[in-house]
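Pasting the structures in now, so scroll down.
Each of the next two complexes has chain A plus one other chain: chain B in the first, chain C in the second.
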Partner chain A sequence: MIYREAGDFKTTYRDDSQTFPIRFDRRAYYALVAVAFLVLPFVMNDYWASAVFVPFLIYSIAAIGLNILTGYCGQVSLGTGGFMAVGAYAAYKLMTAFPELNIFFVVLLSGGVTAGVGVLFGLPSLRIKGFYLAVATLAAQFFLVWLFNKVPWFYNYSASGQINAPERTIFGIIVTGPSTPAWSKYLFCLTILFILSWVARNLTRGEVGRTWMAIRDMDIAAEIIGVNPLKAKLTAFAVSSFFVGVAGALFFAVYLGAVEVTEAFGIQKSFLVLFMIIIGGLGSMFGSFAGAAFLVLLPVFLKNALVGGLGWPTDLAAHLELMIVGALIIVFLIAEPHGIAALWRTAKEKLRLWPFPH
Partner chain B sequence: MLDETEEGHVTEDGRQIGGVLMEMRNITLRFGGVVAIKDISFDIRKGEIRAIIGPNGAGKSSMLNVISGFYHPQEGEIWFKGARRKPMKPYQVARQGIARTFQNIALFEGMSVIDNIMTGRLTHMRSGLFSQALWWGPAEREELENREVVERIIDFLEIQHIRKTPVARLPYGLKKRVELARALAAEPELLLLDEPMAGMNVEEKEDMSRFILDVNDEFGTTIALIEHDMGVVMDLSDRVVVMDYGRKIGDGPPEEIRNNQDVIDAYLGVAHD
Partner chain C sequence: MKMKRLAMVAAAALAVASPALADLVFPSLSYRTGPYAANGIPFADGYADYFTLVNERDGGIGGERIKLIECETGYNTEKGVECYEATKGEGALVYQPLSTGITYQLIPKASADGIPVHSMGYGRTSAANGKVFEWIFNYPTNYWYGASIAIKHILDVEGGDISGKKIALVYHNSAYGKEPIRTLEKLSEKHGFELMLLPVDHPGQEQKSQWLQIRRERPDYVLMWGWGVMNQVAIQEAANIRYPMDHFIGIWWSGSENDVKPVGDKADGYKSLNMHMPGADFPIYDDLKKYVYDKGLAAGNGDQAGTVLYNRGMYAAMLAVEAAKKAQEIHGTAKITPAMMRDGMEALEITQEKLAALGLPNFGPEFKVTCENHGGSGLALVQQWDAKAGKWNVVSDYIAPDLDVVWPLIEEDSMAFAKENNIELRCK
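Now for the complex of A and B:
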C-alpha cells in the first residue's frame, strides 16, 4: 500500500507534465540523487569507482544521446564510437591549445564540436532511411577513427599516436590527469550527467521531443502538421551528438586519461551503446540508465561470481557474457522492443493496482 | 439558393459564407501515363462545407494531396486567400493554416493521445531549442498554454477518458476522432478531411457528422471533405464537386447534384463498393 497513484490527483496541467507525476516516484528520485551526491563519493573505493560507477555515468550520457537519435527520432546510428572519438579529440585539442580554459567548458565545447560533426553526417538522413542510414553512419564510424589515426595534428604529433589528458582542476580539485582521485572523477561525471539528463528530459517531454517522435512514427503525417523533416532530423543529430561527444570527452579525459583511438572508440563501442538502449528501452530516459547499468554491471558480476566465486577461467566468463548479451538482444528485439523500461512500467502498473487487480 | 457575389451570403441555417478562400484553376496531375486529375477547376468559400465525391479511383484523394502539397500538379494554379501559391512542401502548407486527416489513419502510433494532439499545436509554438532545454519560463508557459487549447478540443470531441492511452491501443473509430482532434488543434482556416467516416458504424457516423457541423459552426472553420456516404454528403455539405476518372462532372449544391444526369450515370455505370 505504499506505492499509490490513487488519491494523487492532478489539479493543474503543470502537475500533470512533471517528470515524476507520482509522489512516491518523486521521493525515490530525490533520495537517489541525495545518496549519489552526498553519500556515495565518501564510501566508494577505487575499484567500484573505476569498474562500475564512472563508466556507468559516462555510458549513461552516451546512451541518452543515442536514444534521442534512435529511440526518439527513429534514426539508427552505428557511429557512436566515432562521435565519442570526436568528443575526445576535441577535448584533447582544447585542453592543449587553451590550458587556461576550465575543464567544465572544455567538456561542453567538445560536445558542441561533436554536435557540428553530427549534423554534417546527419545530412544524408533526409534522403536515406533505415538500413541504408545505418550503413552511412557505419562509414562515418570508420572514417572518423581512420582520420584520428592518420592526421598527426589531432594527436599533437606525439610519437605514440596516443592522446594523454593533462591535469585540470575545478575549485582546486583535480578532475583529469593521472593523479585524479576516484571520488572526484565520479563527482565530476555525476554532475555533468545530472545536468544533461535534466536537459534531455526537458527536450523529450516538450515540443522538440514530440517533433522527433512524430518523424519516427510517421514522417508523412509529421510533415502535414508542420514539421520540417530536415530540421527535425538535424536537431536530433545535433543534440544526440552533443551528448555522445560529452561522453567521449569524459571517457578520455576523466576515465581513461590516455587513449588510443581504435581501441577506445572502435566499432565495438558503437555496438555497446546501441545494445544498451535496445536492452534498456528505446525511446525512454529510464531505459538509457537501465541499459547502461546492465551492460556495465554484467561483466563485473560475471567476473566476480564465476571467476572469483566458482573459479571459472576468465575467457570462459567472457564468452558467457557475449552469449548472454546476444541472447538478450534477440529476446528484447522480438518480445519487448521497449526493453527493461517497459518491463519496469508493467511491474509498476501491477503494483499500483495491488492488491485489487481491477 | 447560392448567390455568387464576392461578399458571400448567409445560409438557411444562419451560417455566414464568405468570399473565395481557395481556388483551384485548371489543375492537371499525371502519374506517368495515368491522368489522376484532368483540367479541374473549383473554389472553396470561406466558412462553407465543401464535399468532393466520386467513384473509387476518381482522383479525390489526389486532389487533397495537391492542396496539401504532397503532389505537385503538372498544370494549373492554386490560389489561396487571393494570392497565387508557389509550389510548397506539406509543412509549409500546414503553416499557412491548412490541416487535414488521411483516408488511412496517419497517427503517431508510439505516442499517447494527448501527445498526438499536442503535435497539432506545432505551428503555434515558438520557443527555441535552448529555452526548451531549460524548460523553466517561456517554454513551460508555452507548453501549458497550448495544453489548455488541446484540453478544450479533447472536451469538444468527448475523448477525455482516453487522454493518456497510447494511440496504438485504440479502436478504429476513436483513432479517426483523435486524428480529427490533432487537425483541429492546429486551429486551421481550412480543414481537409479524407473520408472521415469510412469504416464507421451508424452511431459513430452520426457522432462524426455532428462534430464536423459543430467545428464549422462554432469555429467558423472552412471544411473540404471527401465522403462516399451520399446521405452524409447531402446532410453536411453546402456545395459538392463530383469527380469521375479525373474529370469534374458536377459542381453545385447537393439538391442540384442529386438530380444531375452525369452524376447518376457515373454512380450507376461504375462498379462501386
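Now for the complex of A and C:
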C-alpha cells in the first residue's frame, strides 16, 4: 500500500537504473543519511561511539572490502586480518614519519599501501582457485602478522611491540588520540564509510564490477567473451585490499588507539569479517552493512540485556552470548542461505504486494 | 536498513542505565571465559570477595559502601574498550584490567579522562616513573624488576657467577611477554650470560618446537613470561623433556595452582616469583569465612580461596581500599572522586603494622608510593611448588631488584613517551 512502485514513473534510463528505484526506499535512505550525519553526532556519547557505532562503521568498510573480492569476484580470502594489519601499520608509519600529513590522507594512503600488498598476494589467484586460493590467502594472514611482530622497524623499535596512535586533527578538530570527542571519531568514520560505499556501489554496477561478476560466475566463459582475467582478478584484489586497509587504519588510529598485531589482527578477525559477509549476503552492499551490524551490535546488545538488564553473572552471560550468536548464525543460514540481504529482498517483495498478496 | 534501526532502538533502551553516583564504584574488568580464564577467575573472585568483606564487616570505606561492577573482557582489547566506556560513566575510581594489552589501551584514555589505572605488577613498566605518568600506577613491582629479581635468584643459586651460562626466556609473544627482554639484554651484558629468546604465540597451546629447541640447546635456566593456558602447557612440555624443574622459573603470573596442578607430580620443584605470600594462613581468612563465605556472598563458585591468584586479587583490592582511605583522609570527605583517589594512591604507604592490622601479617613487602615513584619498592620472593603437599613453599627472602640497571631503562623509556606525547614533567 505504502511501499509500491505504482505511480512512480521513470522517463530516463538513468532513473530506471538508480540504486533505490522505489520512492519509499529512496526517501528512507535520504532520511537515514540525514539522521546519521545531522542528528546522531549531536547525541553521541563516548559509550555509543566507542562500543557501538565506530566498530560498526569500521567493520562495515572491511565487510564491503571483502564482499568485493569474495562476493562480487568469487575469490575466497582468509587474509582480511593480515590486510587490516597492513593498513594499521602503514597508518602508524605514515603518522610517525610525516607528522604534518593530514590524517584523512594518511588513511587513504594506508589503503593504497594495502592495495599494493593485496595485489601481490592476489597473484596466485591467477593460477589457483577456491579452497587452494583460500589457503594461499591464509598464508598471507600468518605471514603478515608474523612480519609485523618480528621486524622492529614496523613498530618503531618500541619495547613492547605495541603501536600507539598520536593525536591528529582535521580543521583543528581532534580525530585520533585519547582526547578525541565522541562525535568527531564517529563523524570521521561515517564520512569515510559514506564515500567508500558510494564508490563501491558504483564500481560494482559499472564495467569493472561486471567483469568481476563474469569471472565469479564462470571464468572460462568470461575469458571467451573477452574479459581479461588478470585485470579483473587483480583489480578486485586491489580494490578489496584498499577498503580493508582503510578499515585497518581506522581500526587502529580511531577506534583502539593502541594495537598489538597478534591480538587485534589475528586469524579470528579474518573469520569474523568472512562471517559478516556470509551472514549478511554475498555480493550485496546491504548485506555488508547487515552482516557487520549483526556481528558487532548483537553481542553488545546481548551483553547489556543479560548483564545490565537481567543482572546475570558476567561469565554465564558471556558463554550464553556465544551460544546465542552461534545458534542464530546456524538458524539464519538454514532459513536463508543467501543471508540477511536475501531475507530483506523477500520482505520487500512481500511488502510491495501487501495487503493484497494475490 | 530497518533491521539495523530496530537493533539500535532496542539497544538504546537497554544500554543506557542511569548512572548512580552514590557509592564508591570499583569496576572489575575480569575474564572468566576464554583461554586465560583459568587465571582470570581466581583473581576476579579474590578482588570481589575483599570488597564484599569491607562492605559487610566495616560497612564500606569510611561509611561509603562499595559498588563493584564486573565486566567481562575475555582478555580481549576490543571488549576491554567497551567495558571501560560502559563503566567510566558510573564514577569508576580506579581501573585494574589485569591485562597488559588493555592497560596499554587505557593509559592514554584514562589519563585524558582523569581516572587512575593501577596495573599491579603488569602493564607498562615505565609507568613507574610518576613524573611522566600522572594517572598510572604499577606498585608494588613490575616486569623489569621481576626480570632482575629472577636473575638475582639465579646468581644466588649459582654462588654469584653466571658468566657463560645460557638462560632461555619462553615468553608470550605480545606486549606482555616482550616487556622483560630489554632488561634481560642489559643484564646479560652485565653478568655475561647468554640470552636465548623463545616466543610463544597466543594463546600458547602450541609449544612443541620451542621445547624441542630447549632440549637441543640445553640452557642452564629457563625463565617464563606466560599467562593462561600457556603456563600449563609450558610446564607440561618441560616435564616431557625432563627439564630440571628447579631451573625453570616463572614470573608471578606463571605461578599459580592452576598452572602446576594439571601436570601432577612432574611439576614438583617448579619455581616462580611472587609479590606476596601464598596460602591461606592469615587471620583475614577467618573474617572472610564469617562475613562472606558463610553468608553465601562469595564470588564465582567460591572454590578459589587461598590460591595464589585469589590472594593477589585480594591484595589488589586491599591496596585500592587503603588508597581510598588515604584519599578520604587527605580530602576530608568520604565521597571521593577519581582525582581524589589518585592523590590517595600517590600518598599510599604500606607498613607491616598496617598489614598486621588488616589481618595480613607479613603478606607483602613494605613500600611507599611517591610523586616520582609510582612503582613501589619492587621486592619479590621466590616460591617453589611442592606437588606432594600440593602447595607453594616460599624459598627465598624478599629480593630487591637491581635498580642501577633497571631505573635508567625506566627513565629512558618514560622520557621517550613524554617526548612523543608532549607531556610536561611533574614533581618539581
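Observations on the structure shown:
Quick note on the criterion: the second predicted complex is superposed on the first by the 344 of 358 C-alpha atoms of A that agree within 3 Å, B and C clash if a C-alpha of one lies under 4 Å from a C-alpha of the other, contacts with A are read in each partner's own complex, and residues count from 1 in each chain.
The rule is simple: contacts are C-beta pairs under 8 Å (C-beta built on N, C-alpha and C of every residue); 3 or more make two chains touch, one makes a residue touch a chain.
This one's a predicted model, so the numbers in the text were calculated from it and none came from an experiment.
In this superposed model built on chain A, chain B and chain C occupy separate space and fit side by side.
Of the two partner chains placed by superposition, only chain C is touched by A:Phe301; chain B is not.
In the superposition on chain A, A:Ser179 makes contact with chain C only, not with chain B.
In the superposed model, A:Glu260 makes contact with chain C only, not with chain B. In the superposition on chain A, contact of A:Tyr13 is made with chain B only, not with chain C.
Rounded in steps of 10, the angle chain B-chain A-chain C defined by Cα centres in the superposition reads 150°. By the touch criterion defined above, A:Val227 reaches chain B but does not reach chain C. A simple residue count on chain A separates chain B from chain C, and the partner touching more is C. Measuring only between alpha carbons, the smallest separation of chain B from chain C in this overlay is 23 Å.
By the touch criterion given at the top, residues 68, 70, 89-91, 94-95, 99-100, 102, 106-111, 115, 118-123, 125, 127, 129, 132-135, 139-140, 142-144, 147-148, 151, 182, 186 of chain B touch chain A in their complex. Chain contact summary for the complex, chain C toward chain A: residues 1-5, 7-8, 10-11, 14-17, 30, 32-33, 37, 41, 70-72, 74, 76-78, 81-82, 85-86, 88-89, 100-101, 104-105, 107-109, 111-113, 124-126, 173-175, 178-179, 181-182, 201-202, 300, 413, 420-421.
Interface of chain A with chain B (complex): residues 13-14, 17, 199, 202-203, 206-208, 210-211, 213-214, 216-218, 220-229, 235, 239, 283.
Residue ranges on chain A touching chain C, taken from their complex, read 28-29, 32, 45-48, 50-52, 55, 149, 159-162, 164, 166, 177-179, 255-260, 262-264, 266, 286, 289-290, 293, 297-298, 300-301, 303-305, 307-309, 313-315, 317-319, 322, 340, 344.
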